[in-house]
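As written, the chain order gives the labels A, B and C, with residue 1 at the start of each chain.
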Amino acid sequence: MTHHIVEVKEVEYSYPDTTPALNDISFRIVHGESVAIVGANGAGKSTLLLHLNGYLAPAKGEIRIGDFPLTKETLHSVRRTVGMVFQDPDDQLFMPTVFDDVAFGPLNLGLPTEEVSRRVEEALSTVGALHLKGRPPYKLSRGEKKAVAIATVLSMSPDILVMDEPTSDLDPRARRKLIDLLKGFEHTKIIATHDLDMVLDLCERTIVISEGRVTADGPTNLIFQDEGLLARSRLEKPLRMQGCPVCGPTQSSSGVKATT
Amino acid sequence: MHMADALLSPAVGATMWAATGGLIAYSSRKVKEELDERKIPLMGVVGAFVFAAQMINFTIPGTGSSGHLGGGMMLAILLGPYAAFLTIASVLTVQALFFADGGLLALGANIFNLGLFPCFFAYPLIYKKISGKGPSKGRIVTGAVAAAVVGLQLGALGVVLETLVSGITELRFIPFLVLMQPIHLAIGVVEGLVTAAVVVFVWRARPEILEMARSNRPIGNLSIRKVLVGLVAAAALTGGALSWLASSHPDGLEWSLFRASGKEELQTSDQGIHASLGQVQEKTALLPDYGFKKPNASIEEQEERWPAVDSGTSVAGLVGGALTLALTVLIGLVLKKRRGLSK
Amino acid sequence: MKIGSSLFDLGRLDRISNQETAIHGLDPRVKVLVTLVFIVAVVSFGKHEVSGLMPFFIYPAVLIALADIPLGYLFRKILIVSPFALMIGLFNPFLDREIIINLGPVAISGGWVSYISIMLRFALTVGAALILIACTGFNAICHALERMGAPRVFVVQLLFVYRYLFVLTEEASRMVRARALRSFPGKGTGMRVFGYLVGHLLLRTLDRAQRIHLAMLSRGFDGEIRILRPMRFGIRDLAFLFGWSGLIVAMRLYDVTGLLGNLVTGGAG
């Protein structure tokens, strides 16, 4: 089954002002995997993500989604397959009502109206936001907005879900709801995040990006135990894996006080 | 300086709407074909930005009072005329609907006054000429101030003309001008300065934005000229139509320019020269000089000009007025009560 | 207009427009049409008309009652925007001193009559516009406009303006607050700082617009905006449209006030 495979081969990319962003990135993600992409701010996570649905094109290297190499012609089908959810939900909820936003994608796919309505209802139920159908987006709480943003992508029935910082700015309860929701998805999941504890809950595999390069790619558990690697990549162990502040001394992953 | 429906007549309102409607349709087409589709969400979000920016105040040096940004000129410089025009139109529409700032009938006129002049006159003819291809801070400031002043002067002139031709106000042309233009001159200068402040900032941070706006619309090219020719033609047509209206419905429409020529008097009334002179005097003076008026002529004039006054002058009319009002209030209260019960 | 309070005001009108009453449920197109007929009728009276305008108050009265629109709120909004029109109108009593009505011993000049006419017109037209929004909602009006022929590019723009109004005014109010905490009257609130504030806001807005565009592209946007908004025209809507239009035209053409007055005074005067 070659569909649903995400393959990135030796991708290089530089920003318009010529600063290098990605250098020799290669990895392969297969159907149903949940992969976390972690790294410092500015390491290149978001830039990498934007390559996955064709918004950015690599200067060198190749990207394949399923059976398709990512080219101008295949863009349309790739965007059907890869559903991308961004960090700020206000950027993705731009229609007058929640219903309109979730219907936006299916309508663009050219589906008939009954099918569109059906998909909207289904997507909203999945994220637990069906009761918000008629609301204008600015009346939603942050957690509700994030849930609806996911629904806007689910209604297109993607096989691969790509998410950029899904749990940022959420209160603990909303965050837990979101993690539980994502646990139930069978899609291939690629999640860029700082929330390493969520990664422990959700992703069996982790790719570490540092200064535009892949510095590690393997099982989450192993990577999070490599303190040296984490420190070099400007990361720490997930909070759960650090010393308990109540019964033992707190220590940063490298034993050195973090400086900005 | 938003026009209100209360000062407008249907003829003027409809004419301005026709002109504006045409411009909106034209700009919409232009935006679709010339600018890339990226601009469409951008224009809406920038419209919201204009609202937000209008709510931020600044202190005007020397006066201590606070001012606000209008934004028309700024938009033209940063987005190019077509997109800017549509954005201004959308902002004014939201203002009219949501803030009741400017009437619905008058919206056409408002978009015309506050959108057309900055975008299609002041920006191409003044700002661009002054700032040129390689702008410097000084050129941006001069260009912005000059363009803002001219744009607002024209806009204010538009308000004056539209109000006068509607005939609801008693103000004459000259005094109205004296009222509006100086104020808007001052407003124009301030607007130009703050516009320049914003534009200079954007130009220093991201000059490509200004470049994009400049290059997207056809500069000094056939298109702008066509637009201007079309506008002049429309203005002439409108002027012609309105003056026809004015001459066939003399009641309520006093246009001092017309009257001053004296032609109307001699044609439509067979009153003496003295009365005619008195009328001319009256129209062009700031306050009617009772010394010149002949009571007889005035009464005849009155009957000619204000037939609708009949019902108002009679006692029945007044009683009826009070009664009507009372009835409407009663009906309203009753309905409200019934809703309250049925809820 | 203090930025915080005007934001609240925005939210309030939006809330009112989302209520559920019989009026709110009517097709937005008929409400827009009736409002336009109303405004044109009111505005078409001669400048000295006062009594003819009175019956027109029935429209706002009925709609305010049936659509649960708070009266005080409406009054305040009308008052806030009245200065320009009333100021211009105020010249009338000074410039037109011809006596045209005699109420017993009191002589009223044409100027005062036309001024009152202006005030009445103002209240009626502004009221009608506010009532339209209060019982229809901005988005519905946009959809109605599109159905009635407005260019789609423009309508979509209106929808986006409305959508991001709250987001951007909130951003702006945060900036104003930050500035307030670090400035004093006259120091730090001048034009140059304003230029920086607004410039920053603009750049962030442009970035946001780019992200929105990205989100749109990611969901298959191809330049054409499609909105699923079934609008059904029913008997109720037709009744509203023709009923009110008919009444408005009748009130414009016939002297209802005089009629009532004559009935009461037995034709005297």
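Assorted remarks:
Simple rule for what comes next: contacts are C-beta pairs under 8 Å (C-beta built on N, C-alpha and C of every residue); 3 or more make two chains touch, one makes a residue touch a chain.
Please read these numbers as outputs of a predicted model, since none were measured by experiment.
Taken as a graph of touching chains, this assembly is arranged as a line, each chain contacting the next along an open chain of partners. Of all chain pairs, the one linked by the largest number of contacting C-beta pairs is B-C.
Ranked by how far their CA centres sit from the centre of chain C, the chains are topped by A. Chain C has the C-alpha centroid lying closest to the overall centroid of all protein C-alpha atoms shown. Chain centres here are Cα averages; for chain A and chain C they lie 44 Å apart.
Averaging C-alpha coordinates per chain places the centre of chain B 17 Å away from that of chain C.
Chain A and chain B have Cα centroids separated by 50 Å. In chain B, the residues touching two or more other chains are 41.
Residue positions of chain C touching 2 or more other chains, listed in rising order: 159-160, 162-164, 167, 208, 212, 216, 221. Counting only residues that touch two or more partner chains, chain A has 94. In the complex of the two chains, the chain B residues touching chain C come out as 1-2, 4-10, 13, 24-25, 28-29, 31-32, 37-38, 40-49, 51-53, 55-61, 64, 66, 69, 78, 86-87, 89-91, 93-94, 96-101, 103-105, 163, 167-172, 175, 193-194, 196-198, 200-202, 205-206, 209, 251-252, 287-288, 298, 302, 306-309, 311-321, 323-325, 327-329, 331-336, 339.
By the touch rule above, chain C contacts chain A in their complex via residues 14, 139, 142, 159-160, 162-164, 166-167, 208, 211-212, 214-222, 226-228.
On chain A, the positions that touch chain C within their shared complex are 50, 53, 55, 76, 79-80, 83-84, 86, 88, 90-92, 94-97, 99-100, 103-105, 107-109, 113, 116-117, 136-138, 152-153, 156.
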